[in-house]
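Here come two complexes built around chain A, the first alongside chain B, the second alongside chain C.
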Partner chain A sequence: MNPAVDLREKVNEANLKTVEIMMSGTPIWIGDSPAIEVVPGMTKNTILHAGPPIEWERMCNPMRQAVLGAVVFEGLAKDLDEAKEAVEAGEIILSPCHHHQAVGGMTGITSASMPVHIVKNEKYGNLAYCLPHEGSSFKALGWGTNDQETLDHIRWMRDELSPVLDQGVKALGGININDIISRAIQMGDEAHSRCTAGTLLITRKLASALVLTDTPRDMLARVFEFLQRTDIFALHLFMAAGRAMVEPAKNIKYSTVVTTLCRNGVEFGIRVSALGDQWFVGPAGKIKTSYFSPQWNDDVAGRDIGDSSIMEVIGLGGLIHAAAPAHEHVLKGTFQSAIQKTEEAYTISVTEHPSWLLPTLDFRGVPFGIDIRKVVQTGNTPLIDTATPHINGGFIGSGEARAPMEAFEAALRAFGAMISG
Partner chain B sequence: MNPAVDLREKVNEANLKTVEIMMSGTPIWIGDSPAIEVVPGMTKNTILHAGPPIEWERMCNPMRQAVLGAVVFEGLAKDLDEAKEAVEAGEIILSPCHHHQAVGGMTGITSASMPVHIVKNEKYGNLAYCLPHEGSSFKALGWGTNDQETLDHIRWMRDELSPVLDQGVKALGGININDIISRAIQMGDEAHSRCTAGTLLITRKLASALVLTDTPRDMLARVFEFLQRTDIFALHLFMAAGRAMVEPAKNIKYSTVVTTLCRNGVEFGIRVSALGDQWFVGPAGKIKTSYFSPQWNDDVAGRDIGDSSIMEVIGLGGLIHAAAPAHEHVLKGTFQSAIQKTEEAYTISVTEHPSWLLPTLDFRGVPFGIDIRKVVQTGNTPLIDTATPHINGGFIGSGEARAPMEAFEAALRAFGAMISG
Partner chain C sequence: MQKPEHEPSDLSEIVAAGTKVINIGISTFAEALREQGVNVIEVDWSPPRKIQTDLSEILQKIL
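Right, the complex of A and B next:
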């Protein structure tokens, strides 16, 4: 047999196996908890960040600011200056969320006492974690602000939001995120930049359970008000679900399927099934942004950042604008451009998801499982939906960016080297 | 000046004025109340029904059954047999919902002590009413069942659901239904057969307000559970909103815009602005149905019934399948057929709504204001989304039906007669 054909078939087979493992995952939101109690490897002086590994010195400004905010939040320093000294003295361990079965939005900064959603892949038994979304206001550690207001809000999330959500989710016996995604993408969500339907579906489920808990009524009211003004709330559950779905699909021999896409604001990192935990990086993309105010423009925009691109790993977000013409409209596109972007995504994907279906494409399954061979062959790198941070911190727009070809080429070279010896 | 041209311009102008009045309406859900306390002309022995006027003898079976159920419900008879005697003895006043500023789903049966949503058109000051949706189970007075289970459920709605909703809505200072519709049709609702997004948006709003009321927690839980399993809940609020929007648009001289479309299961009735409260009727359509179970088929299907076609009067439902490809899929259509149906609706409409926008048509406004001239000219009668009742009562499918051309032709003849003298 022709060895090239033989190899191609082995890879195709391995890729089908990989996407089957991902798609058969059953991500269930089982509760919320302080990170230190559940996240593997978390310590009191560990701070997790988004994207591939990066040292303090090379971090972008929003991420640095968020790190300092977290150091103060944890009481490891009395103010931001002292926090900087502590970081520079090496007293703080900085580590990617992805090395801890976790994901983080934008800067992704997550520290010991911060709350996380816990999503369990019931089929495979593994867990994944993500800080709840901080909300759509200008300020958030995720966007790189670190003032009193930012930290007070995280404190509220820790002391009230997450404990209340935890009660509700446990009372419901968990919430199947797979089902929520399936319904949400039939209701205008692309499940990354737009998660309104997902948030509504989760809120309605929580309502009947939460009113029966012993949570004081004023606490319930504040939680529901937060959900009322946070259409994007579901994203961080979707992200944890994605993280939970990809973990069992790692290290499949011969598989060229992407298991991670993430950005730290400086570099875009990818991981590929057969290549296990190796990172392949390229520059974080410039974001094509629709700014929320004319006071902002590309000059003050940070680069593509966050672990939220786990959504594109599981066939959503930038891969399915066909599901979310209202989001394409925000990006100044048309219905046709939304369809076109989704058609492009099929050219780099292994298969179509059997139950995540696109109404505008006559219920075709979403493009699922990015194959690095196809990315390099077609020249189509995945389109990533993203939020745009201000270079000095803050949330200034919604946009899209391209994953860098360099990372896919590097991964494909490494794959070639591995199989040839 | 050519008198024909002159008339055409007068009509065009009147039609623009009519749709402007409709579209500028501001329907606010202000509370719920027993019908007897708010519905004009309601008495203890009055029973409202859907559609144009019809006598007991000519009513279809589901409507008759629902009438008898209501008579028992009101304590006007001790059982269904006695109820029938009372009706045949003329002790019960049967009157169309539409003659009482009200609308009713399917059979539309609404009696004195039953609860109604109250929607106020704040801009024009008028009110409209609709019984809350009874839910998506097989049984309901709306579907023509009248057993103990059916009546017990209405009792629960009267004693628990509506009083709780009333508290929530009042605590919120009302809910703007115009805004809910605007968002819902960007989330896959056509706002008639599919109202999932609308229901979710309303539920989320109610949650934060309701937990702060003194309603017992178990009552709140039952209400939220009902909303959880009743995706169609918002429809009856949308219907009351539609009813509130059309009332001030009646009696505009020279206007050929439709102000009512409704069905009693035997006849389809329309009213036209310039022609005030005159009814024009044709036969109620056969429904092209997707049945929920193979045990049902066209042989056991009732005909098109209900006041819910007020949604088509305000440019929604069957006129905007482009908004709801998931609903078109239920009807076994394709995305292209959904678009085509909406394109057709533009051919019979006066204008496009400025803030009810269709993402899949690049945010074109929904076709708004059906012009009877255009219906007769094009031969396109409005497509009506509808549920299908079993001929013996019960909810057996979702479908679509055509309004009958006869009604439009009769109205146009009457219009011609009126203006010519």
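Right, the complex of A and C next:
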């Protein structure tokens, strides 16, 4: 056989195998727990962050502020100044969420006593973790604020929200996130920036179980009040599900399928199945933002940040605006532009998901499995849905950004070297 | 150069004449015309992407 044809077939076969492993995963939300009890490698002085690896000195301001907040939250320093001294003295271990089977929204800051959702990929047996969404208010560690109000809210999540969620999920015997995504994208979610339907579907399941428990009513009232005003709550479960789905699809020989897309606010990092845990980076993108208030503009906007782009890795978010015309409207687009963006995503994808279907495209499956060969060939880098942080911390808008071509080109060069070596 | 017998003086005359435009490539131009009431058909096109030689050589082997 012609060696070139043989190689092409090997890559095509490997890519199909990779997406099959991802798509056949069965992510089940099995409970919530303090991070230190479940996250691999977590210690009392470890703080996880979003995106590819980055040292303290190069971190963007929102991420630095969130790190300092977490150091205080864990009682490792009495205030933010002392926290900075501790970090600069090397007393705090900073590590990407992705190196711990975890993902984190925006800054992604997750520390030992913070709660995490636990999602199990039942088919393959692996677990993944994500801090519950902190809510859609201006302040959150995820957005890079670190004042008393921010830390008090995390304390409430740790002491009340997560234990109640855990009780509800366990009473239900777990919640199948695959099914929730499948339904939500037919109800107007693109499952990244818009998760309203997914949150409603999860909330009603939890309600049916929690109402039968002996959880105090005032506690239930606070939990459901949080859920009813947090449309985006489901995102962090979707993210953990995505993380759980991609793990078994790593290290498939000859596969050019992307297994990670993430950002730390400075760099955008990708990983590719056949290239294992190697990172390939390019600059984090500027976000095309719809600001929540006229007081904010591009001058005060941080760059693209967060591990939530795991959603695009599994064919959702920016790849399927066709599922969420209402979100496209928020981004000042049209129904036609939503369709065009999704049509573009098919040009860089390996296949179409058999059960995640898009009603506006006559129930075509979502574009699934980003292929670095096609990205470099077409010049179409994945469109990433995202939220925009203020450069000094805070949630100021919703937007979209492009993954940088540099990362895909670097990965393709490494792949070329691998097959030549 | 001889002037045409009737030269449209402004966009409203062009629109009134039922002008149709085929816009190739950047859709911003189409959007601007559409806002003026002009019928626009869009063709998605961009110049062929120039890929660096080493990457092109890798792609030839695997794509």
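Keep in mind that, in the parts below, the second predicted complex is superposed on the first by the 421 of 421 C-alpha atoms of A that agree within 3 Å, B and C clash if a C-alpha of one lies under 4 Å from a C-alpha of the other, contacts with A are read in each partner's own complex, and residues count from 1 in each chain.
One rule holds in what follows: contacts are C-beta pairs under 8 Å (C-beta built on N, C-alpha and C of every residue); 3 or more make two chains touch, one makes a residue touch a chain.
Not measured: the values here are computed from a predicted model.
Student: Now for A:Ser182: first (chain B), second (chain C), both, or neither, which partner does it touch?
Tutor: Neither chain B nor chain C is touched by A:Ser182.
Student: More residues of chain A in touch with chain C or with chain B?
Tutor: Touched residues of chain A are more numerous for B.
Student: Name the contact category of A:Ser24: first (chain B only), second (chain C only), both, or neither.
Tutor: In the superposed model, A:Ser24 contacts neither chain B nor chain C.
Student: One more residue to check, A:Gly379. First (chain B), second (chain C), both or neither?
Tutor: second
Student: Contact-wise, after the overlay, does A:Arg204 reach chain B, chain C, both or neither (first, second, both, neither)?
Tutor: In the superposition, A:Arg204 contacts chain B only.
Student: Quick check for you: in the superposed arrangement, does A:Arg413 touch first (chain B), second (chain C), both or neither?
Tutor: So A:Arg413 only meets chain C here.
Student: So in the complex, the part of chain B that touches chain A is made up of which residues?
Tutor: So the residues of chain B touching chain A come out as 186-188, 196-197, 200-201, 203-205, 207-212, 217-218, 220-221, 224-225, 227-228, 325-326, 328-329, 334-335, 359-363.
Student: Which of the residues in chain A come into contact with chain C in the complex?
Tutor: Going through chain A, the ones touching chain C are 4, 7-8, 11, 256, 340, 373-374, 376-379, 409, 412-413, 415-416, 419.
Student: Which chain C residues qualify as touching chain A in the complex?
Tutor: Touch list, chain C to chain A: 44, 46, 49, 51-52, 54-55, 57-63.
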